[in-house]
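Pasting a structure here, questions to come.
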Amino acid sequence: MTKRSWLKDSPAAAVLLPIIGLAGAIALWWLATIVFGIESYLLPSPRDVVISFMDQPSYLLTETGTSILETVEGFLLAIVVGVPIALLIVRSVLLERLVYPLLLMVNAIPKVAIAPLLVVWMGFGQWPKVVMVLLVCFFPIVISTAQGMKSTPIELVELLRSLNASRTQEFFKLRLRYAMPQMFTGLKVAISLAVIGSVIAEFVGTTHGLGYVIYQSGASADTPLAFAAITLLSILSIVLFYILVLLEHLLLPWAQESR
Amino acid sequence: NNDDEGKQADTGLTKVSYLTSFNTFGREAYAYVALEKGYFKDAGFDVTINPGSGTVDVMKLVAGGQADYGIGDFTGAVITLGKQKLPVTTVGMIHQRSLAAIVSLEGYGITKPQDLVGKSVGDQPGSTNTVMFPVYAKAAKIPADKTDFIPSPPPALPQLLASGKVPAIGQFVVGVPLVEKADPKHRKAVVLPYGDVLPDLYGNAIITRTDLAKDHPDQVKKFTAALLKGLQDTIDDPAAAAATLKKYVPQTDVGVATEELKLMKPYVKPDGFNDPLGSVDPQRVQTILNLLDEAGAIKPAGSVKAEDVVSADLAPKS
Amino acid sequence: MIRLDGVGQVFDGREGQVTALEEIDLHVQQNEFVTLIGRSGCGKSTLLRLIAGLISPTSGTVRVAGDPVTGPRRDVSFMFQRPALLPWRSVLSNVMLPIEIDGGEGDRGKAAYRDRAHQLLELTGLTGFERRLPHELSGGMQQRVSLCRSLIRDPQVMLMDEPFSALDALTRTELSEELQRIKMELDTTIVFVTHSIEEAVLLADRVVVLTPRPGRLREVVDIDIPRPRTLGQNAHLTEVARISGLLHGLLAEKVAPVEEPAPRQVDEVRPR
Amino acid sequence: MIRLDGVGQVFDGREGQVTALEEIDLHVQQNEFVTLIGRSGCGKSTLLRLIAGLISPTSGTVRVAGDPVTGPRRDVSFMFQRPALLPWRSVLSNVMLPIEIDGGEGDRGKAAYRDRAHQLLELTGLTGFERRLPHELSGGMQQRVSLCRSLIRDPQVMLMDEPFSALDALTRTELSEELQRIKMELDTTIVFVTHSIEEAVLLADRVVVLTPRPGRLREVVDIDIPRPRTLGQNAHLTEVARISGLLHGLLAEKVAPVEEPAPRQVDEVRPR
Amino acid sequence: MTKRSWLKDSPAAAVLLPIIGLAGAIALWWLATIVFGIESYLLPSPRDVVISFMDQPSYLLTETGTSILETVEGFLLAIVVGVPIALLIVRSVLLERLVYPLLLMVNAIPKVAIAPLLVVWMGFGQWPKVVMVLLVCFFPIVISTAQGMKSTPIELVELLRSLNASRTQEFFKLRLRYAMPQMFTGLKVAISLAVIGSVIAEFVGTTHGLGYVIYQSGASADTPLAFAAITLLSILSIVLFYILVLLEHLLLPWAQESR
């Protein structure tokens, strides 16, 4: 009982246990490379990866910065684009019926396949990267926001109606706010996708960002460098995820209790 | 969508964007050398270098106006133009001989073209090596359909070869140092260059838009000249060129890059080649077209004319 | 104050038409307290929604203060079974919601309403809780906030749809007493739906009994027990009990007890 | 049948310890019907959970049929406020759930229980609905299914935690009458928690009143109105009303009416 | 009112409107290619795409078959792997704390980057493709299943406990069943990802599947063919999605009403 609740409640456990988990996984990985004598070009050991990182830390961090920028820009853009679409979907059955399969279809397109096309269309600047991130992550945002708005309890909707609230008020004072917890679920799914989107975009037509590093190092058979970049990406992704978790706690204190 | 020729920066330089043929390997160093040494600036250009991702993509990007100049394999370009009339032309050669080759490692039992029969070769789909293989097979007198090409992304090729998943890969000659570096057992590479049996093939060419070539021939000539000057410096001092590249592309392995550039030299300026760097021989272009017609790589045969693919008058001449 | 003439309401359900109400004639006086009882599904909520202008009748007319009802009115407030508080708003800002929705009161007006809100919160014993979020309150306190909210616009008419049914017996009695007090103070007309016969009798000037399928007026019973009425140890108890028994009989009449209607499928809620 | 001696229960809440129950001594006879009333949060549910063996007391002992309680028992059944039906199971298979959980009855045993289930469904007027899914039933019917489920094992003891509080007045009365009939037929001992004083009086042989913070026994009231009792137009009404008034007074004693406890934060549910 | 409810309720509208939406989108696309005179190597018109498909329909359908097979295999495998992981997560806070960041991390890895590695590790057979699909789509399955099991109402859990049910019974008779609607939400997200996963995998080390067709046609400047393949993929994805919707309706009749 006491042990259980320590694991459950102490903030130290909430931070320590995940770290222990990660450390354990890294140890296993290391062990595997040693026990099976795996060559580093097949699967570099954690040590190779760290060495590879220490070789040029500032370079790698700069490229991480580039990727972060694209990810965050595209992610914000996806919110800006996705929420109004969700609004439209919720507002009218007609629009939902018309638009939904289109959304599904766009979502179904393998984004890697169109990365080169985006460059052909939009050139070498930041745009194709940001747009790729947008494309990759706007779907879950739209769906979860729409779902959240639709699940607004009928009693609250009736309340606003009985107060003779306008449609706009209904949406902005009620539905959008109500949808926020579900929206955050969508955002948390979207953020990992956003990171991956930036990587895919950086495979093509740029010399910056972790995606480029991965592609380039793959091409020059530098697997440890590729893994260093992948590791940085994973860390980036996890950090962004937990930033969202934090934001959720701060912005939606009322939501945590009504789970 | 091509108003770039008018784009004058404050400095009075013409803004120009340039695409490497594929990524930023050592073999692409010459553009960075020309940039670093100010050759482009002297010729009145402010050049941005972007990494390309293969001949076809480069052609599309140039055709679509996203880039003004690009590097792509000449043969590949010809075959692509046979399928799709993109508004691009070539205005000079980087490599006087084709770098395309099949590469294997010692101990995989491949030492001559005949050994390829019944083997599989890993390569990027649509690469010059894949596309030209029937032509190569014909010249080497082996059956073209007895060799399987397994599509693999370029980054994975060295590992696939080293791990023995495939006994051979399509690779440019200059890629050999990379292949050897990727092999943890440090075996020597076995190289079967297409140029051995097809001496007429060119390697990479400088690609630009047709209208740019037509409307601003002087500009094109000046750009080509500056780029080739960088190429000259590069083959004269590969180590320095590799170091320059490292400046722009930090994760360059200078050793490998130098090695690549040394290997590249005889392809840029073969023994007994005394024309200026980059020059084009209309005679050879026609030979190549004939070869491709015969091999069925252009359909219908004869549909591509030399003037469709080269602007020979813009290339450097002796 | 409220006048229904030959009001009927037919819904297009998924399995054909449902006649929820038929031929309802009802006249509620200014400052009268009318309670509405009836089996589940007999149309009590529908009746309130008609008066509130949330739906319009398929036949007959509904008037409030002499004017035909065409939509929600500022001087009619609605209170629901569940508190229906916006979970992200503090108590005070939940109470102020109707004012916010009205908008254009100007700053002076808003300040005046804020004072009124504090006054109402004090009246319902919520002083000190203004900044709390709804989830930090008990059910009874939440329902009090909801009551304050429905009073903030000084409504002429209050429509209450089982407002206390989710509360425990004691809290319920307390709030009932409070409601009677407020009503006397503010001179409002109240139509109150309840499941509890006892509550109906305790609160009402008149009790309206509806019968189901289709919903019709079965009986209107005048309650002349003197006010204030409570359930404590006093004389009203037996009076209330007697009338309750009577109403109980009315309700239980010719009811096939086995099959009750399944809960109405709430349509996916969508904006109009 | 049930015997609590000096039972106390202290919870480790997030903000320190909460004493839910203190020094409870209670003896329930075989075939007795005891109802439990008290303010929200006074420990009624906790008391039932202790008897059910869902939690064990921090002090004192709980005995059922003479044996100290160590965990849930086959002969003790629990019925909750909400029907708690598994939504994907038909009525019949919901009723059979306890038997299924027990497993090892062998096929013959199972068939016997199936007959018993049909019998119970008939008793509660649910014949013909065996294959329906819960969402196709009304709230009252769902609660009847839940009642059948809690009877399928022929329990010696039935613990009921506000089983009828979500139903409307009439359905509630009907089920109350049914429960009395079943109890007389089956000879079970019942401990019944309710929010409604009236219901407590109507059903009980004895009413137990708990006071909150910490939960203690305030009073045990014997009800000697003859059975069967109903709320219809008959003589029990005034009797029930009188006792209700008394209990009402007991409950309302020294209660600060303003702050009630916020609803208990239900922990994320996890398996043991 | 009548019009609204027709749009909402009639089955014809449910089928027709999405089709109208798609048709409208295709018309817009077509119009754009004509009005702006876009070259087909930049953006082929729907007509080019259809012609390209009609050129070799049986070939394209065969390749679609290959992709379907890989997608479905990987998807099923992801369920087989994901559900037990979800069980473990729900069963113990400790395990959840340890495992969750790992899952996040694996999810954050850009799968395109490791597609070549999978081939290097596992060769050219079906395996790397199936594993890729698995990797790409198991995360949403795990998360939604776990979330569903955790959201089992306390009253149902208490019911089982009061019946003295074992842990295993609690999981299989209650939690897993209860989680199914949420699990389906996860499956619906996962299926699009699964399709994309198979495409990514087919970029590498195979001469079959739509991914290969896209890669190959991209490399030979045959943009209309690439678009034909992408269109097939989108259709495939939508069809699989609606199969899941149908399955959900059939398997979980009780879930539709309690939305």
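First chain written, first letter: the chains are A, B, C, D and E, and each begins at residue 1.
Just so we're on the same page, contacts are C-beta pairs under 8 Å (C-beta built on N, C-alpha and C of every residue); 3 or more make two chains touch, one makes a residue touch a chain.
A quick note: this is a predicted structure, and the numbers were derived from the prediction, not measured.
Each step here moves to a touching chain, and the least such steps from chain B to chain D number 2. Centroid analysis (C-alpha atoms only) places B farthest from chain D.
Comparing the residue numbers each copy contributes, chain C and chain D share more than half of them at their mutual interface.
The greatest number of inter-chain C-beta pairs in contact is found between A-E. Centre-to-centre separation of chain A and chain E, using mean CA positions: 17 Å.
A separation of 31 Å divides the Cα centre of chain C from that of chain D. Each chain gets a centre from the mean of its Cα atoms; for chain A and chain D, those two points are 48 Å apart. If each chain is reduced to the centroid of its CA atoms, chain A and chain B end up 38 Å from each other. For chain A, the set of residues that touch two or more other chains comprises 42, 93, 116, 120-121, 215, 218, 223, 257.
Within chain D, contacts with two or more other chains are made by residues 135, 268. Counting partners per residue, chain B has 57, 60, 64, 153, 155-156, 159, 163 as the residues that reach two or more other chains.
Every residue of chain A that touches chain E in the complex is listed here, in rising order: 4, 7-8, 13-14, 17-18, 20-22, 24-25, 42-43, 93-94, 97-102, 104-105, 107-114, 116-117, 120-121, 140, 151, 189, 192, 195-196, 199-200, 203, 211, 214-215, 218, 223, 226, 230, 233-234, 236-238, 241.
Contacts from chain D toward chain E in the complex involve residues 52, 54, 71-74, 77-78, 80-82, 84, 86-88, 97-98, 100-102, 133-135, 266, 268-272. Of all residues in chain A, only 90-91, 93, 150, 152-165, 167, 169-171, 173-175, 177-178, 180, 252-255, 257-258 touch chain C in the complex they form. By the touch criterion stated above, chain B contacts chain A in their complex at residues 17, 23-25, 48, 50-51, 53, 57, 60-61, 64, 66-67, 153-156, 158-159, 162-163, 178-179, 181-182, 184, 248-251, 253, 256.
For chain C in complex with chain D, the residues that touch the partner chain are 37, 39-40, 125-126, 135-141, 168-171, 173-174, 195-198, 231-234, 237-238, 240-242, 244-246, 248-249, 251-252, 255, 257-263.
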